[in-house]
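Labels run A, B and C following the written order; every chain starts at residue 1.
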Amino acid sequence: KMKISGYAQMRYNDLYKTNPDMECEQCDGTYGGNDGMSFRRIRIKFSGYLHERVYFYIQPDFAGGNSNNVSLKDAYFDLMFTSDRRWRLRLGQSKVPFGFENMQSSQNRLSLDRNDAINSALKNERDMMAVVYYTPTIVQERFKKLQNQQLKGSGNYGMFALGAFNGQTANNADENLNKHIVTRLTYPFELANGQIFEAGIQAYAGQYVTTKVSEGVMAEVTGENGQKEMVSAEGMEWDDARLGASFIWYAMPFGFQTEYNVGVGPEYDPATNTIQRKPLKGGYAQMSYRLELGQHFLLPFWRYTNYEGGKKFETDARSYDMQEIEVGFEWQPNQAFELVALYAYADRTYNDSLNPDNRQTGSLIRLQAQINF
Amino acid sequence: KMKISGYAQMRYNDLYKTNPDMECEQCDGTYGGNDGMSFRRIRIKFSGYLHERVYFYIQPDFAGGNSNNVSLKDAYFDLMFTSDRRWRLRLGQSKVPFGFENMQSSQNRLSLDRNDAINSALKNERDMMAVVYYTPTIVQERFKKLQNQQLKGSGNYGMFALGAFNGQTANNADENLNKHIVTRLTYPFELANGQIFEAGIQAYAGQYVTTKVSEGVMAEVTGENGQKEMVSAEGMEWDDARLGASFIWYAMPFGFQTEYNVGVGPEYDPATNTIQRKPLKGGYAQMSYRLELGQHFLLPFWRYTNYEGGKKFETDARSYDMQEIEVGFEWQPNQAFELVALYAYADRTYNDSLNPDNRQTGSLIRLQAQINF
Amino acid sequence: KMKISGYAQMRYNDLYKTNPDMECEQCDGTYGGNDGMSFRRIRIKFSGYLHERVYFYIQPDFAGGNSNNVSLKDAYFDLMFTSDRRWRLRLGQSKVPFGFENMQSSQNRLSLDRNDAINSALKNERDMMAVVYYTPTIVQERFKKLQNQQLKGSGNYGMFALGAFNGQTANNADENLNKHIVTRLTYPFELANGQIFEAGIQAYAGQYVTTKVSEGVMAEVTGENGQKEMVSAEGMEWDDARLGASFIWYAMPFGFQTEYNVGVGPEYDPATNTIQRKPLKGGYAQMSYRLELGQHFLLPFWRYTNYEGGKKFETDARSYDMQEIEVGFEWQPNQAFELVALYAYADRTYNDSLNPDNRQTGSLIRLQAQINF
C-alpha cells in the first residue's frame, strides 16, 4: 500500500569556475564559492493510495542548505470526487501549479537547476494550499505515458487547476489573511505520428509580505491624510502577480521547450535603498535530443535563460537582471544512475542593500551524479 | 517485521477569528495570529517486534514549529519480562503515564489540541524514561478492543505504571541529578451490556529546573545564613508535582470523559516579577456521540477546560488562568480521512515578564483535515 | 529491493560520576555534566541494490546534539565497474577509509565511543568524497564472514582504497579548492584453525581550514616581504596529515585490537593564544573475550587510549593530552537487544582560548541499552 522511493543528487560545481563570487542563491548553494562536493537533493518519498479515493504523498529532503539539514518538501493528500480520478481536491504543501518546469520533478529535468525566470515566482515551487485539479481520462493517460516512456513529463498536476495558497512560499507561515489564487490550463496534444507536445497558460495573484529586509531599507506608503511617507519595508504588503505561457515539444527524439512570464512584485531599488512595486519579465528556451545507444541514453541539451525583476523571497526582494547560457548532456547508463555535465556562462546582476552594485559574470563546469531508488 | 505507518493533520485556524492576539503556545502555533493553512503534525512511525520479547517504536514528526522542522517524538523499546507481555520495561523517549488524554494518540482525539489543564504537566507529553508497565491479559484485550473498534482508547500504557524520567520534557537534557517519579493505575471496566468505562489515578513528583527565563526575573532563595535573598530564576530548581484523576465513559454511542489534576510548580508572579512556587489546578469535561451514517461516522462533541497555574516549560514559567469551551464534530467518511470542525470560545490570561498583564478573550472556528496511513 | 533497518542507543552516564566538568565533546554530549538519560544514536538506514551495478545507502540520525536533532550520516552510492564487485567507485558522504574502528559500525563496537586518538582525524568519521575500493572475492567473503558470525568486523571498505574528500568533515561545505587524499590497505588473514586477524595501514593528507575560532586567537603567517606577522586564525589553512596502522585479532573467543597514528595538524597553543601547526600522536589497545552462555553472549573488554595533539574541528583546534582506561562488558541476550556497562577512568587536559589551563580527571560508570532493528 505504501511505496517508499526517492533520488539523490551529488554535485561538483568548482571545475573551471572563473568567478566564485557569482552566486545563485535560488539555484544551488554551491553554484558560487568553492564548496567542493555537495548534495543538492536527497529525497525520500512516502506515498500511496490509502483508499480508492484518498492518496497521500510525503517527501522530506535530507540535503538542505550547505550542511545537509532536513526540510519538508511535499506533504499533501488528494481527495478524489469521483472514482475515475478526474476531479481531485489537493490539500497540503505541494507544488503551486505555475509553470511546466516547476511541475517537472528535478529527478527528470535536464539542466541542474530550474530557470530563474519562472522559478523566481515560488521558492522551492511549493506552498500550503487547497487546489482542485481536473484531468480527463485521456489526459491522465498521456501524462502517464510521458512518464512511463521517460520523456521527462511533469506528471499529473491537472489539465485544469484552480487553487488558493498562503503565498509566503513553502515552510513559512502566512503573514496576512489574503490568500494567493492560482489557475492553470495545460494540454498534451498527440499527433498522428505519436509525437506529443504540450501547451499551457497559468496565472496567480495575491499579496506578498516582505519579511527578510535589511535595516534601513524603506518603502513608500500613503498615510491617512493622503501624504506620502517612508516606512521600513519589513512586513509591508505587495502586489504579487504573474502570467505565464509554456510550450513543450517532447524529445521524440528532438525536443524543444520554452516558457515565459510577466508580472509585478516587490523589487529592491539600489538608487533609493527602497523596495518598490516593479514589473518583472523573463523566460527560457531549451533544445534537446534523445539519443539511444544500446541500453544507454544520451541527451545533449542547450538552454538560454533571461530574467529581469525582483526575487520577493530573497533579502530586500533582491533585484535581478540575469542571462545564462548552458550547454551539456545527461547520460543514463541504466535507470538507477544518471550523470549530467554542463558548461554554464552567466551574466548576473543582483543588488540588495549590502551589495547595491553587484554585477558578476563568469563560467563554470558543473557535474551531477544522480541515483533513483 | 517492521511496520511503517503514520498520520498527518492540516489545519486552518483563521476562520472568524475575533482576536489574533489570543494565542496558545502549547496547543498550536497557529491558534493565534493569521498564519494561514498549516500542518500541526506529520508523523511517520517505524515500529515492530524484533524478538518475542523486544518491541521498538520510533516516531519523528515533520511539522515542527511554524516552518515544518523535524523533531523526534517517540523512540523507545519495550523489554518483556514474560512472553505473555504482562510485565514490560520501557526505555527511551515516550509518553509519561500521566493522564488519559495525554496517552491517547492525537490521531484519535476528538478536539484538536490536548486540554491545557493536564497537558501543562508535560510539554509534548514525553520525556526520557525508564518505566515498568504491568497489564494483565484481560486488560490487554480490552485496550486492544477499544482500539480495534475505534472507540478512541489510549492504547496500552499499562494497567499499572511506575517509572523515572529526566523531568525537563522531551528533547531536553536533564538539568539535575534528580529524576521525576511517576505512577499510574487505570482500569477499563466492561459492563454486561458491553459498555466500557475506564477510571484512573496518577501522580508524579520531582525537581524541575527553569531554563527559559527573561532577564531580570528573580526568585527568592534562603542564603547560607538563613536570610532571604533574590537571585536570577534561571537555573533554579522547583518542586514539580501533580496528582490527577481520570474517568472515561467510552462513546458506545454516548461518551463522557473528564480529568482533573492538582499540584504545585513554578509560576510567574506579575506583581513582583519573580517566579514562585505556587499551587495549580484544572481539568476538563467532554461529551460526545458516535453516529453511524452508512459507512460514515459523525462524532459531535463538546468540551470545557479550565486551568489555573504555571506552565513550567514556557518563558518565565508563564502564569495561566484560562477557560475554554469547544463545540464541534469529527466526520470520518472512511478510515483514511477525517475532518474536524470546531468552534472555540476562550478567556485566556497568561502573563510573563514581557506581558505581565495579558488577558485575551475571543473565539475562532478551527478546521482540520487528517489522513491516516 | 530497498531494505530499511537501523539501531538505537540509549545511555545513562551519570552513575558514580566523580567529575561532571570532565567532558569529551567528540565522544558523547552527556559524557560530562548531569544530563540524565539520553540517546546517543537513533539510526534508520535505507539501502539496497538498484541495479546489478548500483548500490545506495542513506542513513539519517535522529539523536543529534542534546535535543535529538536530525542529521545526515551516510548518503552514498556505489558504482561497480565489474559484476563481481571487485572494483567500486563510491560517491557521496561516507566514512573516510582511515582506521579500523572508524570503519566498524557503532552498532558493533564494544566500547561506547570511538577512541580519541584515531577518531580525532575525522569528526563523525565521514566526509563528501569520491573513492575507489578494490576487494578481491576472497576478501569480500572474509569481510562478510566476520559480519555474519558477529565477530564485530568493519564490513567491506575495500582491501585497497584510494580517494579524495572535501576535508572539512561531514555536513560541512569545503573551504578551499584543495581536496584531501586518502589511501588504505587492509588484509584479513585466516589461519588454519579458522582464526582471523586483520592488519592494515592508512594515510591521508590535505589542507584543513579552521572555521571555529574564538575572537583574539591568532596565527603566524609569512607576509609578502618575507616578514612574519600575526593574523586571525579564522579561515587559515593548515597542513592536515596522518599515517596510521591497525591490527585486529578477532575475538574467537579471545580478541586483541590496537591502532596507532601519527601526524600533523592545527593545534591551540595556550602560552601564546595562537593556533600552530603541531605534531600529533596516539592510539589505543583493547582486549576482549567472547563468552557463549546458552543463547546469550557476554563480552568483557578492556581498553586503554592515549592522544596528544589538536582536534582540528573543535573550537580553536582545541589542544588535547588525554589518557583513558575503560573496563566493561557487553551482554547480548538476543540479536535485537544489547546492554553495555563500563567503568571509565580518564585524565583529560583540553585547552582552548576560553579554558587555556583545563585538566580534568575523574571516573564514571556508563550504561547503554541498544536495539537492532
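Annotations
We take it that a residue touches a chain if its C-beta (ideal position, glycine included) is under 8 Å from a C-beta of that chain, and two chains touch if they have at least 3 such contacts.
From a predicted model like this one, the values you see are computed outputs, not experimental measurements.
A turn of 120° superposes the CA atoms of subunit A on those of subunit B, with the angle given to the nearest 5. Where the sister copies subunit B and subunit C meet, the same residue numbers recur on both sides for under half of the interface positions. Subunit B and subunit C have centres, each the mean of its CA atoms, that are 39 Å apart. The multi-chain contact residues of subunit C, meaning those touching 2 or more other chains, are 4, 70. Subunit A contributes residues 2, 4, 46, 48, 50-51, 53-54, 56, 58, 60, 70-72, 75, 77, 79, 91-93, 128-130, 165-168, 170-177, 179 to its touches with subunit B in the complex. Across the complex, subunit B meets subunit A through its residues 4-6, 8, 10, 14, 29-30, 33-39, 42, 44, 62-63, 66-68, 70, 334-337, 369, 371-373.
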